[in-house]
Amino acid sequence: MRARSSRYALAIVIVAAVVGAWLVPSFVHGNFWLHIFDMMLINAVLALGLNIILKTGQVSLAHAGFMAIGAYASAQLTLKLALPFLAAFLLSGILAAAVALLLGRVILRLKGVYFILFTFALNEFIFLVSKDAVALTGGNTGLVGIKAPTLPFVAGSLQTKAQFYYLALAVFLLALAFLAALYRSPFGRAMDAVRESEQLAEATGYDPMRVKLIAFVIGSFLAGLGGSLSAHFLRYIAPFNFTFWESVNFLLMNIIGGSFSLAGPIIGALILTPLPEFLRDYLLWQQFLYGLILMLFMRFLPDGVTSAIGMSVRAVVDWVRTPRRKGAPVAAETQP
Amino acid sequence: MSCLGGLRAKLGSAWKAGVALAALVVVAGAPNATYAQGKKAELKVGFIAALSGPGMSWGMGMLGGLELAAEDVNKAGGVVVGDTTYTIKVIAYDDKYAGPPAAQAAQRLVSQDEVKVIFGPLGSVSMLAIADTTESNKVLVLSNSYTMKALSKDKPYTFRLTPTTAENSDPMVAFIAKDLPDAKTVAIISPNDESGKEVQSHSEPAYQKYGLKVISKEFYERGTQDFVPVLTRIMAQNPAILDLDGSTPVDSGVIMKQARQIGFKGKFVKVGGPGVADSIKIAGPAAEDLYYYSPWNPEEPKTKALTDRFEAKYKIPMNGLGIFFYEGAHMLFATMKQTKSVDTDVLRKALESQKEYMGLQGRYVWGGAKAYGINHQWIAPFFVGQVRKGAEVMRTKIEP
Amino acid sequence: MITTSTIAQILVNGLTSGAFYVLMALGFTLIFGILRLVNFAHGEFYMLGAFVVYHLTTQLGLDYFSAVALSALVIGLAGMMVEKTVFAPLRGRELSMLMSALGLQIAIQGVMAVVEGVDGFSIPSPVSGVYRSSWLAFPYERLLVVGLTIVVLAGFYLLIKHSTLGKSLRAVAQDGEAALMQGIPVNRVYAIAFGLGAALAAIAGGLIAPIFSLHVYMGQAALLKAFIVVILGGLGSIPGAVVGGLLLGVAESAFATLFGGLTAEMLGFLLIMGVLLWKPTGILARADG
Amino acid sequence: MSELLSVSGLSKRFGGLNAVSDLSFSIESGSIVGLIGPNGAGKTTVFNLVCGQQQPTAGEVRFEGRVVNALPPFERVRLGMARTFQSTVLYTDSTVLENVLRGLAARSGPAVWSGVPGLGRWRAYRDDLHRRAFDLLDFVDLRDVHDITARNLPYGHQRSLGVAIALATSPKLLMLDEPVAGMNPAETAQMAQLIRRINQQGTTILVVEHDMSFVMQLCGHIIAVSNGRKLAEGTPDQVQRDPQVIAAYLGDEDVAA
């Protein structure tokens, strides 16, 4: 039970983070860094999507595949059917979610390694289809000239990086708020139960298949939205944007950040998106460094950065709460 | 920014061939800031290509060509543009042969490093990914890439230095048709990637035009090593010629070896993609009589001097892209000198109106109005080579 | 177009690629069966094996067959060391081991790209010439691969079935804790199993190098095939790897020859998606699969 | 007293082995029934068939008169059939309190979306959940270890936490799979006491157990099975004196069926 004081502290931190995030475009002027921030937000939406799937204990390597579905859908809906951006954006999320619903009902029966291997095959399959279905996806050279996003009450399209930033931030915050509420709701508890022990969860009344399916559909919906955002931000998509390594990247963001809290994927996205920029000088060793960092994290910090921060924060909070006032009894237990 | 040349030195000279990537700047350690008030100034030139991963040897070839040209110019005191002499500083970024990293690299070059000219990228996907950034910032792009979509009227600042099969296949097929009068049927095998479909769409009409019938078009996935099943399918129609299209030198070598093993008696042709040394090494005798597109004549003295200089510095063999980027860089510097300006609008118009450029290889002209709607395609002289007893023999030179 | 000669050619082609797939899948399924580890770095041991054979034959002039044997030994030992340093501390944490294997894959590729560069190399094949009959062409070097694969399979079978190491491998595969209770040095068995898997991949690399070419990124495609075969045959099942390998080899050869290369590639994925949905443990997997 | 659970003609065949063949019995509401039999008699299979872990090859399981064969375990729990596990199955990484909360929430949160934090309603729902959780922990006297992760609990406490989680689903029938396996006499007595208190609250108990003295003291009604068939049924005394049961236990296998 978190003491009342630390819950306020958390609220303040969240508000500060949101305000800070809102002010980014005003003090970051270089287009390059704005580009990086926009990509961070898009990656964060996708990493959050994967987080809810991981929360039910299912590790998916097909997240980039669902991103591809969203990206191609959004591009073609705006290019071929001239739908307004907002409609195409939502439809691309819904399409990815529909595919997840169709597939999930079947593949979520697979346990552990078999589910991982299936999603690996699924991602490669989507990659092959996006290379060969030329009419639908433009084949190897993909789709060019995707228009910048336009919003109903906003004049003109969100051409500049700064304008796009606010759209990406809004989508990110909505996704975060929705997941945060969901995680604190009974459904959040259901997901944790199914993750920790599917057998016990079923023996106490949860329907594991339904819980995993809902999480898989929501996660894929967010992946579809992320795909649409990336299509309209980069304005050009090709099969090579959605390879297996992209799925690994989103998984990495969760693991390095710490997949057991919502802060994990966000921190993971903040770390991994700009990382290649810092490795530019070590070009030849960049691939080796990336692999090494991954192995070291798995070895020494498997629960990710947030768990490390979490532990240190808890240590500080405990230190603060231990009674130094003479004679005050240690609060036996804190009735919330 | 530590330059990669230093990195290689740190790792010791016993190092294997194939790694060296020196962004050597003659004015080593020149302060980054432009100290341009007086006569001296530094012109930063951007470069994007696959400098890691499978496409690395192509990307390094391009970068090497550019750097050697920069080296020449800087050795000669810099580019005199009006009243300022510029020393050239190359800033190279790796795009891992993919769209998003290329867009990110272009964004960094344009807004962080404030370059006005970018050489590269290598692949079509990267080419299309950076177009938005470069065109909106009026940045001159001198690229490679195969796709028809690269050049268009609404991309005034985008040029292509390497001729594609759209330009080469017609004259080359004409020569081969004359050289092999009795060959009437052709099969084309190409990788299922961005070059594959494009190159096939150029070579097929060329073959038809010169009376050769394309009886089979096959694709294989990148990374395939056993081509025998697909070759068995092709052999069933027993074509006289097997066109290796845009396959990499390594894949081409393996395809030729395996085709001979299962009894292919016809001739091999490679219309797209330079670099045949690897193919000969891997295919051995199977590469006999291979007709191939060669951007240069390796024995021609001036070219030989350049390739030797490249190998001495980068410890890897030079490939065709290096030659185009060497000549292209010199052409650009000469145009700057001639127009007395580094403004990309001035340069753009100068390039479009440039009648010809006499380079190491001969006459280069700008073309492509018919194919792309804009004269931004550099058409270069090239050679049709043939493998005779393991040696590269230049059969003819084709002038634009 | 379908004549008996094309069918014969399809079977022969399928046999060769099948043999290669079996070798790759064998090592992979051994490592999964015993360590419960999906070894994403398996393709890199295959690539390392090929390069060791390349250097032994071209630089040191060793004869081909001893080069393959030596390479298998070297990579096997390297595999054991890797297991001890990277995977042993993560015992029991399946996701961490999986991600570490991914990290290992990228790291090995990164180092080799720096050391070997990215161009292609090739090794002169120990055997040349092609067996040609009226309706069949079968290069001898491919026959050699099939032959050596059978030898390796036989050797592996004997090791598993009749040697003490084989018994302890099988015991650990069934239940690590039970094996521990019976005094089997489980940690050493894990290391040996990983080393053996790596050695098998190195042998596949050594056998294949002269027929195809070798380059630093050859591991990726080989890993994909090993995945498909192991899922078809059943994770952790040795006979499954053999049957799955041959099945995929022949099926791909048939599809590639009849319908073209791309459909053959698509086929692999459709097959495993079908198998995973119909019988998640694979065709021949053990019950506990 | 009405019949809560009735099993008729229940059979389960694994390949050639008849784990359970043509077994029928019924359990009165409010009673404590023991299911005994030598090792490999099929007790656990019967247990799994009743709670839906496995499907029978023949026969019916009725709960409150309704056939439940087709219902998966989580549906049966919602009808009021809860179970514990032979090998302790807990949310080992979560605290004792969280284990119980999950048991409570699973049963009481019918709709997935109920309680999406509308703050007021949600806080009330959460406080009620916590109150009931602490009451339950008092009942099994695990309150003072409520913030310890389940993994660190001593074996005895883990077993009673298992029971607490099953109780959290407020079952009408609680099925215990060898609740005192591996327990010392003191812990066994404590568990028997706990089970009686649960029964006094109106929950019918079905116990599968080896420990004869535990079963004989605790259960009002005993069903003895061997080789998947019912040997005898009745009060503890009747079953103890039944020659077939004695023979089955003392190893004279071929007693005439």
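Labels A, B, C and D are assigned to the chains in the order they are written; within every chain, residues are numbered from 1.
Definition applied: a residue touches a chain if its C-beta (ideal position, glycine included) is under 8 Å from a C-beta of that chain, and two chains touch if they have at least 3 such contacts.
Note that the structure is predicted; figures quoted are calculated from it, not measured.
**Student:** In terms of CA centres, which chain lies closest to the overall middle?
**Tutor:** If one averages C-alpha positions chain by chain, the most central is A.
**Student:** Name the chain pair with more contacting C-beta pairs, choosing from B-C and A-D.
**Tutor:** B-C
**Student:** Can you compute the centre-to-centre distance for subunit B and subunit C, using the mean CA position of each chain? Integer Å is fine.
**Tutor:** That pair's centroid distance is 36 Å.
**Student:** Centre to centre, by mean C-alpha position, how many angstrom separate subunit B and subunit D?
**Tutor:** The separation of the two C-alpha centroids amounts to 74 Å.
**Student:** Distance-wise, how many Å sit between the C-alpha centres of subunit A and subunit B, to the nearest whole number?
**Tutor:** Those two chain centres are 38 Å apart.
**Student:** Which residues does subunit C have that touch at least 2 chains other than itself?
**Tutor:** Those would be 113-114, 224, 262, 265.
**Student:** Enumerate the residues of subunit B that touch no fewer than two other chains.
**Tutor:** Answer for subunit B, listing residues that touch two or more other chains: 19, 52-53, 192, 221.
**Student:** Would you please write down the residue numbers of subunit A that are in contact with two or more other chains?
**Tutor:** 128, 132, 284, 286-287
**Student:** By the touch definition up top, name every chain pair that qualifies.
**Tutor:** All chain pairs meeting the touch criterion are A-B, A-C, A-D, B-C.
**Student:** Mind listing the subunit A positions that touch subunit B in their complex?
**Tutor:** The contact residues of subunit A facing subunit B are 30-32, 35-36, 39, 128, 131-132, 134, 139-142, 144, 230, 234-238, 240-241, 276-277, 280-284, 286-287.
**Student:** Touching subunit B in the complex: which residues of subunit C?
**Tutor:** Answer in residue numbers: 1, 6, 9-10, 13-14, 16-17, 20, 113-122, 130, 132, 137, 139, 208, 212-213, 215, 217-218, 220-221, 224, 252-254, 256-258, 260-262, 264-265.
**Student:** Which stretch or stretches of subunit C touch subunit A in the complex?
**Tutor:** 32, 36, 38, 86, 89-90, 93-100, 102-111, 113-114, 224, 227-228, 231, 235, 262, 265-266, 269-270, 272-273, 276-277, 280-281
**Student:** Any idea which subunit B residues touch subunit C in the complex?
**Tutor:** Within the complex, subunit B touches subunit C at residues 15-19, 52-54, 56-57, 192, 218-221, 223-226, 228-230, 232-233, 236, 248-251, 253-254, 261-263, 278, 281-282, 316.
**Student:** Could you please specify the touching residues of subunit A with respect to subunit D in the complex?
**Tutor:** Within the complex, subunit A contacts subunit D at residues 1, 181-182, 184-187, 189-190, 192-193, 196-197, 199-208, 210, 214, 333, 336.
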